[in-house]
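Structures given as structure tokens follow.
Shared between the two complexes below is chain A, which has chain B as its partner in the first and chain C in the second.
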Partner chain A sequence: MAQSQIEQLDPASSTLVLSLDVDLYSRDVLYAAAYVFIDRAYILLDRDADRYMVRMRAKQKMPDETMRAMAGEFENELLAQALREQVGKANQAIIEGITALAISGATAVAESHADGPGLDGFVDDPKGLGAPWQNKEEAPEG
Partner chain B sequence: MGDTMLETRAANLPKGSQVALAELTDPAEWKPDFAVPFNQRTIGGKIVISNDFGDWLFLTQEEFRDFVEGRPQPGEPLYEKLKRANFVASEIDFLDQSLRWRRKKEYLFYGPTLHAFVLTHRCNHGCQYCHSSIVGMDRMDTDMSIETAEKGVDLAFQTTAHGLTIEFQGGEPTANWDVLRHIVEYAREKNKTAKKILSFALVTNLSLMDDEKLEFLLDRHVQICTSLDGPEDLHNQIRIFRDGNSHQTLLTWMKKINQRYVDMGLDPNQYRVEALPTITRPSLTRWKEIVDTFVEVGCRAVFLRKLDPFGFAAKSAKTLGYSMDEFLEFYANAVDYIIELNRQGVQVMERHAAIMLNKILADDEPNYLDLRIPGGACIGQLGYAPDGSIYSSDEGRFVASMGDDMFRIGSVDDSYQDLMGGAATRALVMAGLNDGHPDCVSCVYKPWCGQQVEYNYKTQGSLHGHMRDSTWCKKHKSIFDYLMHKLEAADEKDMEMFRLWTTNRTLDHFIV
Partner chain C sequence: MSAAQAAGAAATVRFHKELYDEQAIADATATFADYARFGVRGEGDHFVVDISDLDSEIEGDIVAEFCNFALANSAALRRNDG
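Moving on to the complex of A and B:
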């Protein structure tokens, strides 16, 4: 069976049903891809044995070729989301580290501000996120 | 090059191309331990490589092959070139590089610096591309109240950033003059104890300006910025002023304000009314006249801004819009002309190019919120609507003006800590990191590029978007390509000009 395919396309009701091999995409990827289309279509996700079933009913009447294009866009979105999930996992430590640093920087109470920034211009960093790794390793425990 | 040639030249934007290592080298010969992680792209006949530290080099194909295969030996010119540019893994001083990273990512260590207050939705212009939910001048119910303004200023002062810029926007912000005045005085008073590096910026069409307002703005050191779309007919065609001639009014006041700066002893090379054009379809063939207009009014920089997908701009896309290819062709024509003017001794630069060159040539991070990692949503800027709603940015507010509150992160009644530490802020920061984007992680321009999550959401339906068919990516990648071609071909005089574009001068007068 094809990896993904159009099971039903009915321009009269602007309805499109796609089926996908459940082994190809995680459920998170399917949700993320489907979400991108909710401004254009009403979407129902279902499962039939080893196939995900994606039922899309366009919010505005669509001609046949536009619906086929939407099916293609959905397939591309699945691939983009799957790859993003992989890249996100591969770089999870970097992403979380930078995000934690940014949030910490934006929320930390900077007592020194009344007298201007510190010598290096950084705000207080109670979690030590801004310290070089070497310093952290050298710091005594406890 | 003469003007005639410039006008008739077929604009071929030089493009780079992604190139796979296996196309140029034999995988069996690769020595992955030799190099730090890098990305590559062909530019003309050469290959440009970059690393995450922000270093870059042009290599010939032979040099690139030797590099990937780990052949250069200490003492050899290629080895030393690679070593100086931090591409040889065994030669990296990681403490130096971590300090360098920290310097360029300093903005991660503090909260939002830019606080954009929308004082009203009222405006006396009917600009065809306007982003905002513009209403008539009688709709005073869309004005920000003094109470909301004070709460907003109180919130803004809680930022952990030492620098704080309050920007007045609209509508036409001077239509709500009393509140503008009050914010300036209230913030200045607060700053007597907060002691932040406080500055104000006013984005105005200047049509409601009068001598009394101007004296107040000059006395309180409020920087004045405006919109100028080019020559009179083009400007007035797009920026429709019901009560007069927008272009003439604008230029009259720009001239007067610039003269007042001179009278105050300020350097006219630095202190001018900042003017920004928005490029529309009628602008596309008029790149030379647009640049000339900016030069004539004394502007030292032209920021060639593409029409964005928000607000009225989206509704007017059919009449004002154009493809990204058309914009890029316009851009190349305009910047080629700017470069030509520089060679003739005229001091003018293009702002996108200057920001990018700042990163590439000066190893600096100008903290331009649309082109940094992570993007500026929430942690770089906040948008304050008249009703007290707080948005991730100006663009987040534009999305809201189209009926979608996706980027509303709270209100002036919320605590700063809740806004910054909330799930929405976290999600927007994470989405604005290039490290999570499939195309970005393998792009040679990754160290200098950035994300705007609001743009991704509006154009592609998710905060992350997908860069492969993103117009955001196409625009920035193409401009980087254009600049890389210029750098590759530049002689010493051109390099001097490009370095001059990276010069940053602090406008101390506008710091309160």
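Moving on to the complex of A and C:
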């Protein structure tokens, strides 16, 4: 059996059933691809033995060709998400390293200013410039 | 189901346990609780959701929207669980 194929296509109800080999894409990839189509179609995922079944019903009525195109788009999206997952895994250690460095750097800066000026860099405000102007105007005179 | 539900209409949806999280389905039933009555039970590899008393006043397909919510919730839960 093909790794992915259209099992059912019914333009009358704008319904399309696509089946995929479970070994072809991870569940996360399937979720991610389905999520992309959630604004255009109603999606129900299922599993039948070693096949994932993706039932899609378009929210707008669609002709046969558009539905076939949507099936192709879904398969492309699966591929894109699979690549994204692979790149994410390959770069995970680098991303974690950079994030840890950024957080430790920010913590060190915050600690060095703990007794000094605030985060805005001002030490004090002798002329009261930091006070909201509405409060100044509303304050009773005299 | 078409644009609007027939008064008091019912439907049954089967969610595969490997693909849908029970909590995600429960969250989706809570989201749609004002528009229908939901009963969730396990049956083999599936969670079976019996949907009844669909609100006929609501435009759109409540059952299909409910399925999309269950899917989105399952994906979000899985992402959060890492």
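Just so it is clear, the second predicted complex is superposed on the first by the 99 of 142 C-alpha atoms of A that agree within 3 Å, B and C clash if a C-alpha of one lies under 4 Å from a C-alpha of the other, contacts with A are read in each partner's own complex, and residues count from 1 in each chain.
In this text, a residue touches a chain if its C-beta (ideal position, glycine included) is under 8 Å from a C-beta of that chain, and two chains touch if they have at least 3 such contacts.
No experiment lies behind these values; they were computed from the predicted model shown.
Of the two partner chains, chain B is the only one that A:107 touches; chain C does not reach it. By the document's definition of touching, neither partner reaches A:7: not chain B, not chain C.
In the superposition on chain A, A:35 contacts both chain B and chain C.
Of the two partner chains placed by superposition, only chain B is touched by A:80; chain C is not. By the touch criterion stated above, A:43 is placed in contact with chain C alone, chain B being left untouched. Shared-chain residue A:21: touches no atom of chain B or chain C.
Set against each other, chain B and chain C touch different numbers of residues in chain A, with B touching more. Of the two partner chains placed by the overlay, only chain B lies in contact with A:95; chain C stays clear of it. Where the contact sets of chain A with chain B and with chain C meet, they give residues 32, 35.
By the touch criterion stated above, chain C contacts chain A in their complex at residues 13-16, 18-20, 45, 61, 64-65, 67-68, 71-72, 74-75, 78-79.
Contact residues on chain A toward chain B in their complex (touch as defined above): 32, 35-37, 39, 76-77, 80, 83-84, 86-88, 91, 94-95, 98-99, 101-103, 105-110, 113-117, 120-123, 125, 130, 132-134. Per the touch definition, chain B reaches chain A in the complex via residues 95, 98-99, 102, 105-112, 159-160, 162, 193-196, 373-374, 378-379, 416-417, 420-421, 425-426, 429-430, 433, 435-438, 441, 460-462, 464, 466, 468-469. Against chain C, the residues of chain A that register as touching in their complex are 27-28, 30-32, 34-35, 38, 42-47, 52, 57.
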